[in-house]
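Letters are used for the chains, namely A, B and C, taken in the order the chains are written, and counting of residues starts over at 1 for each.
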Amino acid sequence: MNQMTPHAQPDPIQPSAVSVRGLRKRYGALEVLKGIDFDARRGEVVSILGSSGSGKSTLLRCINMLEIPEAGTVTVDGTEIALIAQRGGGRQPADARAMDRMRARIGMVFQDFNLWSHKTVLGNVIEAPTHVQKRPRADCITEARALLDKVGIADKADQYPSRLSGGQQQRAAIARALAMNPTVMLFDEPTSALDPELVGEVLRVIRALAEEGRTMLIVTHEVNFARDISDTVVFMNEGVIEESGPPEEVFAAGNNTRLARFIEG
Amino acid sequence: MLDTLTMFGFGPEGWGPAMLRAAANTVAVAAAGFALGGGLGILVAWAKIAGNAPLRWLAAAYTTILRGIPDLLVIYLFYFGSGLLLTPIANMFGVEGFVSFPGFVAGMGAIGVVSGAYHAEVIRGAFYSVKAGELEAATAMGMPRLLKFRRITLPLVARHALPGLGNVWQMVLKESALISVTGLVEIMRQAQIGSSFTRQPFTFYFAAGVLFLTITILSGLIFNRLEHRYSRGRA
Amino acid sequence: MDFEFLGQTFLKLLPGIPVTLELATLSLLLGACLALAFAVIRVRRIRPLNWLVIGYVYVFRGTPLLVQMFIIYYGLAQFPEIRNSFAWTYLREPYWCALLALVLNTAAYGSEILRGALLSVPRGQIMAAQACGMSGFLLFRRISFPIALRQALPAYGNEFILMIKATSLASLVTLADVTGIAARIIAETYRPVEVFVAAGTIYLAISYGLILLVRLAETRLNPDQRDPAPVARVDAARKEVTP
């Protein structure tokens, strides 16, 4: 088992885009993450596989601190998010503003899109750039239109999310995340809420981003897709990283019976 | 028929202007109470959603009590209760007799406190009908708390709350008729004055009913417009 | 707070309780019957009654109950025809006027609740009944109405509470219900706080009792949602004796 030897070695000159050390998270009695160490270089595409309940979503949510881990550190772009002990156990961010600044540099794409229903697609995309990054509205709109064009829904800019198909909503959500020009993109099962015939259009967009050299962490059940686009595949089981490496290695037959069983489905 | 027309006309003998002024008072006191109740409702809903145990308990007690006690009693409490505070002070300054809040203030306070309980329930329900993921998406984009509240939470909750708030407004309008017991010359009180003056109670109370109906219909139309406008994008 | 005065007030308010309860019960019962009739007229679109009911509901929900009560009690006396008719025996009495206003008012609100409930009865269940050969009143009595009733109960429970509060308006046409007595004591003593507490407690107790009754009715009417534990226990006990 090579869980303790992360595939991507930290580069002292160029810091990792994301670096996770000793991450632990529990819900009550259930320990969901049991010490995760993990690095993603800039431009690296990492797929995270694992059976249901193995802690993949929790890992992503700890990276942008939607869940606060009990132990361990998360470093994004060389900046660690400082957590301090809380009264009555648990931790909290030492500086809420710093945490928000970090979150602004991490794009997150949710399984069920979570587009804001009171705003148009364009409104969704420019919301954070104009109000969190406080960039000029006109620039944001130009950029947003370009992004919507890139994900193939330029014609839907002025529609409300409820009028879009699932695939279109997910592509809008990707554009919304990209609009912040994030250091790293997190995808939590971006296609599993979609009808089968809509999966392809979203995967195509993600693949294009991978080819552009974006740093991405993708939780997915699409094994073939993961094999195709990833530089690194991480296999999680019961809160630990059981396998991690280039797809050719990780998917080599007979490597890990649990992984083999997972791939078989 | 002709008599009735002259009676509610705008001539020197007519009650028209007085009734219209009274209608304006009704709308004013109802609107003031509604606004006060809205503010209270936000606080109480917040206590119910995010408060600690004592706050939640207080909020629950408040909504249960005020939704179970007749508004008339609350109005008496505000009107005579304020007298309890103000009369000794006024007497100290040489003013004789019973002194209380003016009917408008007492009425606004009573309506505000009563409708606050209904506001709170509407707002709380609206908050829980907002999809948690939409709020989480805002956090994930790095929105600070206040920005997220202002740009995402508030508009989403408001959209879900609008139909319920429309109902609360209609209720407040109709309850405002009870404020006539404080002597505030709103529609009902004006109708009482008119009917004892002319000995035509039916005519005056009927006119009061027509005025109220007009106001409720108009406000229903306005709320429909608002709902239509703010429900864009809702599935 | 003066507890002795509070106790005295409480005792003085007791005679008002039957008045309040009677007004509430009678108006709710009579109002519900009217409401059901109105709801059926609306759902079945029985013309031209349909239009009358729509207008009626609109007017009674769009104006304050106080206006309705004053029109009936003070207003009708304006017409000699009414004063000379047999109805005057009742219409001159504040009790019957208050009751009439409460009934007409709650019927308007109640009919909308029942109409919504009737409309929400799933088509499929009605078709299933028709497939069994049911129709007309039998179908309504055995299928539509019971299903609608379960649907309507929570909202109607709310209406119950609102009506208990609404009976307090009877005090403004001189009736000595709980609020009427309370108002008199306040005017005599200028001690609104204690009186408010005593009267408020009575209303809360009545409302609470009513909520319990509604809950009871809900569990009685929805056996499928009742706690299945006792049945399970019986099963478990049986299993123990079988080898």
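Quick note on the criterion: contacts are C-beta pairs under 8 Å (C-beta built on N, C-alpha and C of every residue); 3 or more make two chains touch, one makes a residue touch a chain.
This one's a predicted model, so the numbers in the text were calculated from it and none came from an experiment.
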Distance-to-centre winner among chains (Cα means, whole assembly as reference): B
B-C or A-B - the one linked by more C-beta pairs in contact: B-C
Centroid comparison with chain B (C-alpha atoms), farthest chain: A
Computed distance of Cα centres, chain C from chain A, in Å: 55
Distance between the centres, which are taken as Cα means, of chain B and chain A, whole angstrom: 48
Centroid distance [mean C-alpha coordinates] between chain C and chain B, Å: 23
Complex contacts: residues of chain B adjacent to chain C: 64-65, 67-74, 76-77, 79-81, 83-84, 98, 173-178, 180-181, 188, 191, 195, 199-203, 205-206, 208-209, 212-213, 216-217
Interfacial residue positions of chain C with respect to chain B in the complex: 59, 62-68, 70-71, 74-79, 161, 164-169, 171-172, 179, 182-183, 186, 190-193, 195-196, 199-200, 203-204, 207-208
Chain B residues touching chain A - in the complex, by the definition given at the top: 131, 133-134, 136-145, 147, 151-152, 155-156, 159, 230, 232-235
Contacting residues of chain A [partner chain B, same complex]: 64, 66, 96-97, 100-106, 108, 110, 112-120, 127-128, 131-132, 160-163, 173, 176-177, 180
